[in-house]
Amino acid sequence: MLMVFLLPLVSCVISFLLTDRYAWVITLTAPLLQLISMIGALIVFFSLSAEPYTLALPWFHIGEFIFSANLQINAVSAIMLVVVTVVSFLVHVYSTGYMAGDENNRRYFAMLGFFTFSMLGIVLADNLLLIFVFWELVGFSSYMLIGHWNQKPAAVNAARKAFIFNRIGDAGFLIGLMIIWANAGTFELRNLLLQTEVFSWQTSATLCIFCGVIGKSAQFPLFTWLPDAMEGPTPVSALIHAATMVAAGVFLLSRIFALYTPEALDVVALIGIITAVLSALSALVQTDIKKILAYSTISQLGLMVTAIGAGAADAAMLHLFTHAFFKACLFLSAGAVIHVLHQAQQQTHTHFDVQDIRNLGGLRKKLPATFFAFALSGSALAGIPFFSGFVSKDAIFTGLWNWATMGTSWRWIVVVSAFLVSFITVLYTFRLVWFMFMGEEKSTQALDVTEAPLVMRLPIIILAVASLWFIITINPVDFNGWLFQILHPGKYFHFNLMAAVSASWVLLALGTAHRMYRTGKNFNVKIFQRAFYLDFIYQLLFEKPVLALASFTDRIDRHWIDGVLHSGVYAQVTLAHIIGWFDKWIIDGSVNAVAATSNGLGSFTRSFQGGKIQLYIFWSIFGLIIFLIWMLL
Amino acid sequence: MHAYLLSLIIFTPLLAALVALFIPARAGRYFRLVTLAASLIQLAILIIIFLQYQRGSGAIQLIEKQNWISLDLGSWGILKAEYFLGVDGLSLPLVALAVLVMLIATVSSWSIEKNVKGYFILFLILNCAIIGSFVALDFLLFYLFFEFMLLPMFFLIGIWGGPRREYASIKFFLYTLLGSILILIVMIGLYLSVNDPASSGQFVHSFNLVTMSDPTNFISFSVLDPNNPWSIGPLHARMWAFLLLFIGFGIKLPMVPLHTWLPDAHVEAPTPISVILAALLLKIGGYGLMRIAYPIFPEAAINFSWLVGLVGVVSIIYGALNAIASKDLKRLIAYSSVSHMGFVLLGLASLTTEGVAGSVYQMVSHGIISAMLFLLAGVLYDRTHDRLITNYSGLATKMKSYFAFVLIGFFASLGLPGFSGFIAEIMVFLGAFKSALLHESLAITATLGLVLGAGYYLWAIQRMFFGPFYFKGDATKILYDLTSREYLMLISLALITLGFGIYPQPLLDFINPFARHFAETVIATGQRLILTP
Amino acid sequence: MAPIDHFLYLSAFLFSAGIVVVIVKRNAIMVLLGIELMLNAANLNLVAFNILQPGLFTGHMFALFVIVVAVCEAAVGLAIVLRVYQHYQTSIPDEIQDLKE
Amino acid sequence: MTIATFMFYFFEVMAALSALALIFVRNVFYGALLLLICLLSLAGIYVLAFAEFVAVTQILIYAGGILVVIIFGIMLTTKISGKPLVVKHGNWLAGIFAGISMAALLMTFFSQESFSVSPIPPVSKYGAIEQIGIQLMTGFALPFEVAGVLLLITLAGAAVIASTIKSKKI
């Protein structure tokens, strides 16, 4: 297990230490190490026993408080382990093709390895503080990878935005940690999760940790960084911003699910559904391929979070699992399209935005394999029956239904919204497929487009296959398959009606979509396109005030504090000048007057003094006499 | 042999300065070698000290105690000052830090060209004074070293500094002098109030800090006697004394709003001096609070912990905001120092084991990280003599390994896990939130500092290192990548901060007993004093 | 035996006369003579006070030493005078003004 | 009036008169002779004051030594200039003022004090001169030695100063 954990780090270190001359070595070592790591993860997964396996590692202690670096593998983390290593391996392989010829290859692979390592750290850690450590580290590697093409201002901005948004969430996480530390006195998840009694502030603690999730998993209101993060290389988007890192929030929620109080869960569910709806609407009108995918990711994550809020953590994990594969596949195939179009563009020196779906169309003839993979994974995203997405969404809907039947009426709004999201998902997925692959070729007509190289095609195909239903269950309409059994041993409530309703709902949506796009209709709602002006609001509410405040404090420093200091010094200097003047004219003046007097006196006495020994004697005797008279008196 | 280890480590540089005094000024190269040799000898002594030191105990070790001044003042009692040295879990890490940073700064001083002799002699004196003030346990001796530090620093900034060096050095001097005066007042008060318990009959006024820390040693009805009923204005004299010490050391720390000397001094000082200033001089403030203000006035410390904590939080956020606004790289780093030293105050105010340990850890960690940051700023300044952030762009492509170290430095400073700053900050946060003395909102507000920290560092990286390459300054300057000397310094610092960030236990082994003992004693003594008015 | 007052008055007179001589005479040798006179006045006092303490000879001793010092002074003084005279061709102190400033 | 008293007054008057004359006399040579008279009268007074040894010393050294030296000096300077040394007087006012006031002051002092003779008569098996000798060798040995050294130095110094090395300017 430790091997699985550390190999990506080894890959990172190798990449970091090698010189540029041997950069090609990395393209071999990095995927190879990931492969070994993946095999290890699969072995761990299949040898999983009911009891969580813990690897005790000491870390440090302060006073009597011990912070351990324990690693633990249980059902949830084992699944996550597989997801991370598999997707990471495939992305590594894919990247060797996608990033071929990039001059900063070394840094890229180093960060990719580092990311995988830290992501595995989140998965395995059995200590909240340790999770936080890796939580921040994935943020760092995400920053580095988004900003990989650091000549591009947009990429750099996006990287910074991503990191800062994550930081805001992490600050919340940190507050949660503080509350837990102050009230529960331990970070060991084993102890925390086992304790039955509620400690004080528990709701706020869990909500604060949820803040971290909001940041990392791009939930409302901090989700706008994720679409921007698409400025990074596409494999990175696939790995980090679709399959693993953003799912870490969901993972964390289900990992510490036992800590959440009902009130906290309600908040979680609400945030989740708001995110899901808003981002689904935004996805509907975007024109950039990757942004559509990004918003769809946010929306799916929102659904997962909602599921957790509804108490169906296992369903959320199931969806996470399936989503990781099909979304990675979507991204990778979109990346493949972008990659080949770019290369074709460079050959013919034409220029247009290859990521804009309005420029694309009819690519299914030129890129059949990619189209195939994209269609498969797109169907999974849309939740069409016989695909993995359908099954896991089914699980979520079931969970939501159960939850809604148990509680108050507002929960039905959540359920309805979830169905709405599912409907919109079909719409935008179909829109994407339609615009890219169907219809007539638009700007790409003149280009000589060939399929992407094998190293890129292979991962896409594998992932596309993995988005079929059988990877999680035998029965395509019953989510209660072998994977779900691991997550939730025992019989689970399930009713077939839900599957039927869901299936017909999706098909209805499909029909709508078909009608809509065949006629060439396109949504163009400004508020959706700008993601509800959230960025604008942030700028207005936070960025500008902070900058204003900063320049204000700067002014305080320079003008007020230094001003006081300066005026103090000036006052002193002025005083010194006054004293100087006083010295010069009054004191020196009087001294001068005395001097002048004595000068007169002197020149008078000079006549009988200078150099005349006898007068010296006289004066000394005169002095003596005066002294004696004074004595006498 | 081991009885004189501390004296040796203090006076080795002074000896070297003496040697340097006799080298003719023309022989420029030898001054560096002498200084380097002194630093290496100190390092060797430091290793011996570490071997001799017993980690488990929180007690003061390697004590050296000699009578220094013993003046019979008749009815005034006896003035007694001792040559009293010792290290504990607080001072040993700081001494180690000092030796290390001095070594780095020596190497970094290699490029000094102007009046080499004077520079290195002042440098060695500074070295002596800094280490001396970390190990002195007699107030008078401490104060002596503390003041001794001021003058070399003044000249080092004022002569070898940048264009506005006179202004900066005078500002530095005025501020620190003000602080010193406040400390002096308290010192005199303490001197009048403390009686050596070993004395018989006649009062023996001692400067011994250990003696001062025990409230039973105060003479009845003296100024700072905890039991005397008088108050000066609204507060008891001891409260005033604590506040004076707090301001005095706070200027050094620096705390908002007494921090404005720092950016100027940093900006104008030559690189090695900036390194020393940030890495060591600021620590003396924190060290003084922990060594003097807190143990001697525990009840005042408890009483004012809200103030200390508040000033800490204000420093954190205010420093970060100012860093956002600053356009000068060194200024930015200087303000980040203000922000980071706020954590020291916050942790100290919490008076919990975690908080205090975090404070000490933060001092060490900030010492290393800020040394690194200033070296990085110095690298750029060496090349172009231009520190304006907006004058650079796209350096990442031009100076690759420099960029790598900047990333390490900046991210270490903004508290990325895996670097020592993170451990320190998290401990401070945990302690501050848990503490019964501080309101929870303080710790919560302080987390804003983390966000802002990310903001200014990333913004600076973005502006300077990303985008297309250009340099707006003097076009004749060549931006070449790191030289091997710079590489050596930076990589050693980076490895240290990484090591302490990933596995903090070795350092915590030293700090733990101290932090625990400190927090417990201050709370216990303070509460006893509060309860028995 | 005459009362001791006589000695004292005499010595006072001699001393004053010495002073006048020293101040008034414009010749270095005369100044020396005046000084001798003053020394003798002091000597006279010493001797006179010794009368008051019969059996002790401290006053005499001092007188003797004063005489010795006077000898020295006279010898050196005269030597200087001669030398100065050779140099300046005068022995009038006021004309020797190199001491001024 | 006993002969001793008479002698005392006589010597007293002689000394006073010669001192007074010294003030007015203009010729240096006469001045030296007047001083000789004064010194000799003082020696007489010393004898009357039971200070025989001091008196003898006075005559030997002052009258026989110092004055001879002074007269030599006078003669030497006269020889250089070639005409008798006639002294001008200056600062009359200052001199008279200082002299009179000094005399007045001292006399006032003396008149205010009354000195009385110690009642214990001299009981000694040695004579006065013997006593002085013993004292010089015992109690005053150090001053005695110092005086000797002083004399030696003076001798050398005077010789050096007075020696006529023309090339050297003072």
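For clarity, chains are labelled A, B, C and D in written order, and residue numbers in each chain start from 1.
The rule is simple: a contact is a pair of C-beta atoms (placed from the backbone, for glycine too) under 8 Å apart; a residue touches a chain by one contact, two chains touch by 3 or more.
What you see is a predicted model, and the numbers here were worked out from it, not measured in a lab.
Q: Consider the two chain pairs A-C and A-D; indicate the one with the greater count of contacting C-beta pairs.
A: Here the pair linked by more C-beta pairs in contact is A-C.
Q: In terms of Cα-based centroids, which chain occupies the most central position?
A: Closest chain centre to the overall C-alpha centroid: B.
Q: Report the inter-chain centroid distance for subunit A and subunit D in whole angstrom, where each centroid is the mean of the CA atoms.
A: The mean C-alpha positions of subunit A and subunit D differ by 114 Å.
Q: Which integer distance in Å separates the CA centroid of subunit A from that of subunit C?
A: 109
Q: Roughly how many whole angstrom separate the Cα centroids of subunit C and subunit D?
A: Averaging C-alpha atoms per chain gives centres 6 Å apart.
Q: Where the CA atoms of subunit A average out and where those of subunit B average out, how many Å apart are those spots?
A: 34
Q: Can you tell me which residues of subunit D touch two or more of the remaining chains?
A: Residues 90-91, 94-95, 98, 102 of subunit D each touch two or more of the other chains.
Q: Two or more other chains in contact with one residue: find those residues in subunit A.
A: 614-615, 618, 621
Q: Give me the residue numbers in subunit B that touch at least two other chains, ranges are fine.
A: Expected reply: no residues.
Q: For this structure, enumerate the chain pairs that meet the touch criterion.
A: A-B, A-C, A-D, C-D
Q: So in the complex, the part of subunit D that touches subunit A is made up of which residues?
A: So the residues of subunit D touching subunit A come out as 90-91, 94-95, 98, 101-102, 105, 108-109.
Q: Considering only the defined contacts, which subunit A positions touch subunit D in the complex?
A: Per the touch definition, subunit A meets subunit D at residues 608, 614-615, 618, 621-622, 624-625, 628-629, 632.
Q: Could you pull out which subunit B residues touch subunit A in their complex?
A: Touching subunit A from subunit B are residues 171, 174, 257, 260, 263, 318, 321-322, 324-326, 353-354, 357, 394, 396-397, 407, 411, 416-418, 422-423, 426-427, 429-430, 432-434, 440, 443-444, 447-448, 450-452, 454-455, 458-459, 462, 465-468, 503-505, 508, 512, 515-516.
Q: Quick check: in the complex, which residue numbers of subunit A touch subunit C?
A: Per the stated touch rule, the residues are 610-615, 617-618, 621.
Q: Mind pulling up the subunit A residues that touch subunit B in the complex?
A: Contact set of subunit A toward subunit B: 58-65, 129, 132-134, 136-137, 140, 143-144, 147, 150-151, 153, 156-157, 159-160, 163-164, 167-168, 170-172, 174-175, 177-179, 181-182, 546-547, 549-554, 557, 561-562, 565, 569.
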